[in-house]
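Take a look at these structures.
In the two assemblies presented below, subunit A is common to both, partnered first by subunit B and then by subunit C.
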Partner chain A sequence: MTVWKRVWKGRAGYFFVLPHFGLYTMFFLIPVGWGVYLSLFDYNVFSQEFIGFGNFATLFSDWLFLKALGNTFLYTFGVVPLWLGKALIVTVLLHPFRNSIKTFYKALFYLPHVTSSVIVSMIWLWVFNPTYGLLNYFVKSVGLTPAIWLGNKFLAMPSLIFMQFIMGGGSTIVLLSAAMASIPDYYFEAAKLEGASSWKVFTKITIPLLKPTILYALIMGTIANFQTFSNIYIMTQGGPEFSTISIGYLVYTTAFRDYNLGLASAMSMVMFGILAVLGFLQFKWLGSNVEY
Partner chain B sequence: MEKRKILLVVLLLTLLSLSAFSAKMTITWWINPWRIAPPGFPSDKAPSSEDYPKWASEEFMRLHPEVEVKYVVVGNQEYSQKMAAAIATRTQPDFFKGPVWDSRWAQNGLLEPIDSYLSEEDWKDFYQVVLDEGLIDGKRYIWPWNFGTNGMGTSMLLYTPDFDKAEIDWRKIVQEGWTMEEFVEICKKLTWDTDGNGEIDHYAISFGAKDLHNIINFLYAFGGRLSDEGETTVTLNTPEAAAGLQFVLDLVNKHKVAPKGVEALGVYDVIGNFHSHRTSIGFGGPYEIGRITRYILAGTLKEMFYPVLAPFPHAEGKDPVAHTSGSGFIIFKQNDQAKREMVFEFVKFLTNQQNLALLETLQYLTARESVNQKLYVNDPYMNKQVKTYGAIMDKYGMSFFGSQEFPWSQMEKFIISAFEATFAGSKTPQKALDEFVTEADKILKKAK
Partner chain C sequence: MTIWRVKQKSKLALSLVILTVFGLLAFIPLYWMVITAIKPASLTMQFPPELFPKNPTLSNFKELFQRPLIFRWTLNSVIVAFSVTFLQLLLCTMAGYSLAKKRFPLSHVIFSIYIASMMIPKQVTLVPLYILVAKFAMIDTYWGLILPGVAAPFGVFLMRQFMVSIPTEIIEAAKIDGASEWRTFYRIIIPISLPAMAVLGIFTFVAEWNDFLWPLIVTNTQQMKTLQAGLALLQEEVPMQYAFLMSGATYAALPMILIFFAFSKYFLKGVTVGAIK
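Up next, the complex of A and B:
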């Protein structure tokens, strides 16, 4: 059967997919394709000159881009495991409770997710304020020396990771709770009857059976955190001394402050490539079918 | 049949020409949030950023019924990205007033030069410094509107009750200025422990590493300059500039008259400290006094207070320095002659003496000398502050950030990093400035 015949045979399906595909093409595929095109140009709003891979060569010899790349990895691999760990622990702790209590806590953890990240960043800016902030108030009250959380190049990134750890992970908790609820109880009951400890149950039953959901949360968390922007834009603007500059923030400043759209597009392409590789590796190492 | 066809064509042509005659000329302009009160606005309310552009657009349409004016208020934060996107997609407004612009727009022929539209009276009345603000390759591209910015890096604000409490003659400072040594001694007197718990909780002044204008003032006051005369090389790492930065660092670490954590603070933290009387010296001009009124009306500040304007301190044997600039409307290239004329007509309308005087409600000085002479005649306090501000700019004014062709916006992140490193103690002022100059020179050479 030729391609056209196969298409004609499934025309009803294609017809229903068409509106979504049209929008997807218009708002995703074309802009991405345009981004790839721009990355090959010295495109600065005023002039366009084809330079091939010149932008990529510039990027990999630019210490600021390499620093932003390192920072982005640090931030992502700092936040995502903490998020997942927190979500797993909260999910397991909530599991034995009745539904109303579970729902209450899930809503509580999910709340920051529906709050504007700008507002969250503003609040944490006050929390981290060196002179009048909440954190240093507690630090002083226990007799310790207050720190300049966002002003010290060694503390700024851990502070941002800490903030994201506290505020994030709500959606992962909801996902993991749903996945956990679908695991048949007799696995846990059988394990208990066999005398398995709670730790054994957690590592040998809960985690393996939650693996597909964990994988999904891991990939989505990695993608989301790799593109982090608003908290850095509001709280540190990449400082102090570029210790918190991320690729997302550098793309923004390169495109909209320096008007260098070609270079910014090349940065986005590098980010896209890294995320594709990370996604592939996560699938390869962690992907497995689970049946129960 | 033939007759019917001819009749139909004639009818269509008539309709087309009628519609062409009745179609209004559309002018689109962008403005960032300027909370100017239009004529007749209630004095007990804080104007929103929409009030002024709405009034101006409607008023111009009333005077020119053949024109439809569309205004867009664009926030300061997103202005740059929206403008870049608009230029890239050829959907830019006809003219704009915003916090950003790039001299490359003029160099690439995207803008209309204004020179030929300025009347003889305009040339005489507009301050030269504001006219020169948009001077690129011998042509001007900014139609003057305001003189001076919010006053950051230009003047200081003194909270006089604290000065009185510390028995400091603030009137002498306003009239005669103060040397760096006098400034340090006064700052020491203005730093105290309010609640008596043994910890300093009230400081004379505060700084933020991201609040560039005010720190750079000290670098300039000691003799530092951003670049050489021809703007061929960046020079902000001279011993004089390093001494200026060291002086500010000493205010924090050695004299302890400013709170630590400068590396983490920005301009709004500094403003907040002054508004909440945690510091006695703030920064800015009449606009920053207006901010107090606006915050009161908006309910974000509880108690009204009336600071006085004073010059920045000066190094022994040198004059103080004041960052001075102006801004105005920038007109994008118009292909239609009639529309170009109308756009300029609108800009002239916005900047005529009567409408320019509306800047008074925002405590801004206007770009016209004739208008400034009549401002605040019924408000002796503001009248005095505006006169002081004008005198400071007139005597000591200079632009800290080079000409419009100087790529300062691309260098900004590196000077912020240098200041952060200095105040965090990870680099000496000299080393931090040396590193800034290395990066800034690369940008300058690329731009040239």
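Up next, the complex of A and C:
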């Protein structure tokens, strides 16, 4: 059968896939390729000139970009382990309860996830308010000194991480609970009969069996948090003294305030490269013997 | 034995305490949003704050609804979220069906491209996508807001994974009975795939309603902002009027919270599709 015959025989397949694949090519694949291309140009309102790797040279000698890169790492490596740890603890603690209780808590943890990041940021801007905010009220009522959470360059980033830790993790809890429910109960019962401690069960049975799901959550969480934008835009605009400026926010300001589109594309590419490396490392680290 | 039982019980009680503390911490900010929204504006600048409002009022919402743009933003959000959801459901179901059940040259290549691209962060396409949409003269239009959302790859992957498990015999039986390709899709594939479509539809709707970055950059005029981008405008305009801002936040969050409770079954199961073997 010639190729054309096979194409003709499979025409129904093309008919069903091409409407989406066409749009996807137009609005996803082409932009990815174009982004690579743009990153090699000095592309702004005044000029569109090919400069090779010039943008990358500019970036890596630009203190603000390096600062944003550092901040983004700090934020991601602050948020992701805290939030994964929280999700694991909640999942394991929730496991022995009956379904109605499980559903109640899962819903409670999931609720912040259907609330947009803009709204969550607006709420926390209010919670962090130094004079009238809820957080300083609690801090004062336990006898500690209130702080200017977002106005202090040493506290602003930890405050953002704290907020993400408190609000996040819901979808991972749902994910991990489902994975945990698929582990046969006799694994745990056998361990108990052998007299294994809860900690032993957790580290020797639960974690290894949840590994594929943890890996998935870890990679997805890293990608999502590395791009953090809305909370920075709403809450700090990168301040004070650029202590919370993230790559995601810097891409936005470079592209859509300074109209330096080539430089912004180069930033996106650096981000993409870092995420690809991180994903690869995480996969290497956790991906070995994930089968069970 | 009884000592062991007591130990188990106290362990469970301790678990419940820890779970409740974590859960409350995540819930309190949302509670605080609603409580602030129904307080008289003057009471927000009071210390210590009133944790359980004695005189709830709707005056903040009244003030919110006096701004005509609020309704326009709501309309925009509704139009965008419904359009993207409808088009994603239609096109992703079609594409998923094709990639799961049809054999044709390049089908594997197409599927591999979808898989490989799912890990690409959104911000990589942001700048070129903006230039592209500008070249199509779709800046500040509904098309510009909608089409990039429809092009997202995840739904195709989700539907394809679901449809692989549909027995091929059913499709062949329909063909033998003389059903056309489209009729088979419409009468057989769609009804079987409704559970997966529900998951995709709900998640797409919530994600589009809550999206901020794309509407922020693709719209110029205040009239074309979605609710999320509009809220950000209000935040910039009156940063200290917390009661007013929280009424806006509550208003924008409420539809999603209602959807969550109406479809909680799907939320609490749905995200697992594709992640667990």
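Note that in this section the second predicted complex is superposed on the first by the 263 of 292 C-alpha atoms of A that agree within 3 Å, B and C clash if a C-alpha of one lies under 4 Å from a C-alpha of the other, contacts with A are read in each partner's own complex, and residues count from 1 in each chain.
The rule we apply is simple: a contact is a pair of C-beta atoms (placed from the backbone, for glycine too) under 8 Å apart; a residue touches a chain by one contact, two chains touch by 3 or more.
As the structure is a computational prediction, the values presented were derived from the model and not from experiment.
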Request  = Using the superposition on subunit A, decide if subunit B and subunit C clash or fit.
outcome  = clash
Ask   = After lining up the shared chain so the two structures overlap, which partner does A:Glu241 touch, if you call subunit B first and subunit C second: first, second, both or neither?
value = first
Inquiry  = Looking at A:Thr72, would you say it contacts subunit B, subunit C, both, or neither? Reply first, second, both or neither.
reply    = neither
Task = Tell me which of subunit B and subunit C touches more residues of subunit A.
result = C
Inquiry  = Quick check for you: in the superposed arrangement, does A:Trp149 touch first (subunit B), second (subunit C), both or neither?
reply    = first
Task = Pick one for A:Pro130: touches subunit B only (first), subunit C only (second), both, or neither.
result = first
Ask   = Which partner does A:Thr228 contact after superposing on A: first (subunit B), second (subunit C), both, neither?
value = neither
Task = For A:Arg257, select first, second, both or neither according to whether it touches subunit B, subunit C, the two together, or no partner.
result = first
Key: subunit B versus subunit C as contact partner of A:Ala107, first or second or both or neither   = second
Ask   = subunit B clashes with which stretch of subunit C: 4-12, 94-102, 148-156 or 220-228?
value = 220-228
Ask   = What is the shared patch of subunit A, the residues that subunit B and subunit C both contact?
value = 129, 131-132, 252, 255-256, 261
Ask   = Touching subunit C in the complex: which residues of subunit A?
value = 3, 6-7, 9-17, 19-21, 23-24, 26-32, 34-35, 38, 86, 89-90, 93-94, 96-97, 103, 105-112, 114-120, 122-127, 129, 131-132, 134, 137, 141, 166-167, 170-171, 174-175, 178-179, 182, 198, 212-213, 216-217, 219, 223, 226-227, 229-230, 233-234, 247-248, 251-252, 255-256, 261, 264-265, 268-269, 271-272, 275-276, 279
Touch list for subunit B against partner subunit A, complex = 80-81, 84, 87-88, 102, 104-105, 107-108, 110, 209-210, 259-265, 269, 278, 409-410, 413, 416-417, 420-421, 423-424, 426
In the complex with subunit A, residue positions of subunit C that touch it = 11-12, 15-16, 18-19, 22-23, 25-30, 32-33, 36, 44-49, 91-92, 94-95, 97-99, 102-105, 107, 110, 113-114, 117, 119-132, 147-148, 150-153, 156, 181, 185, 206, 209-213, 216-217, 228, 231-232, 235, 242, 245-246, 249, 252-253, 256-257, 259-261, 264, 267-269, 271-272, 275-277
Task = Sort out for me which residues of subunit A touch subunit B in the complex.
result = 44-47, 128-132, 148-153, 237-242, 252-253, 255-259, 261
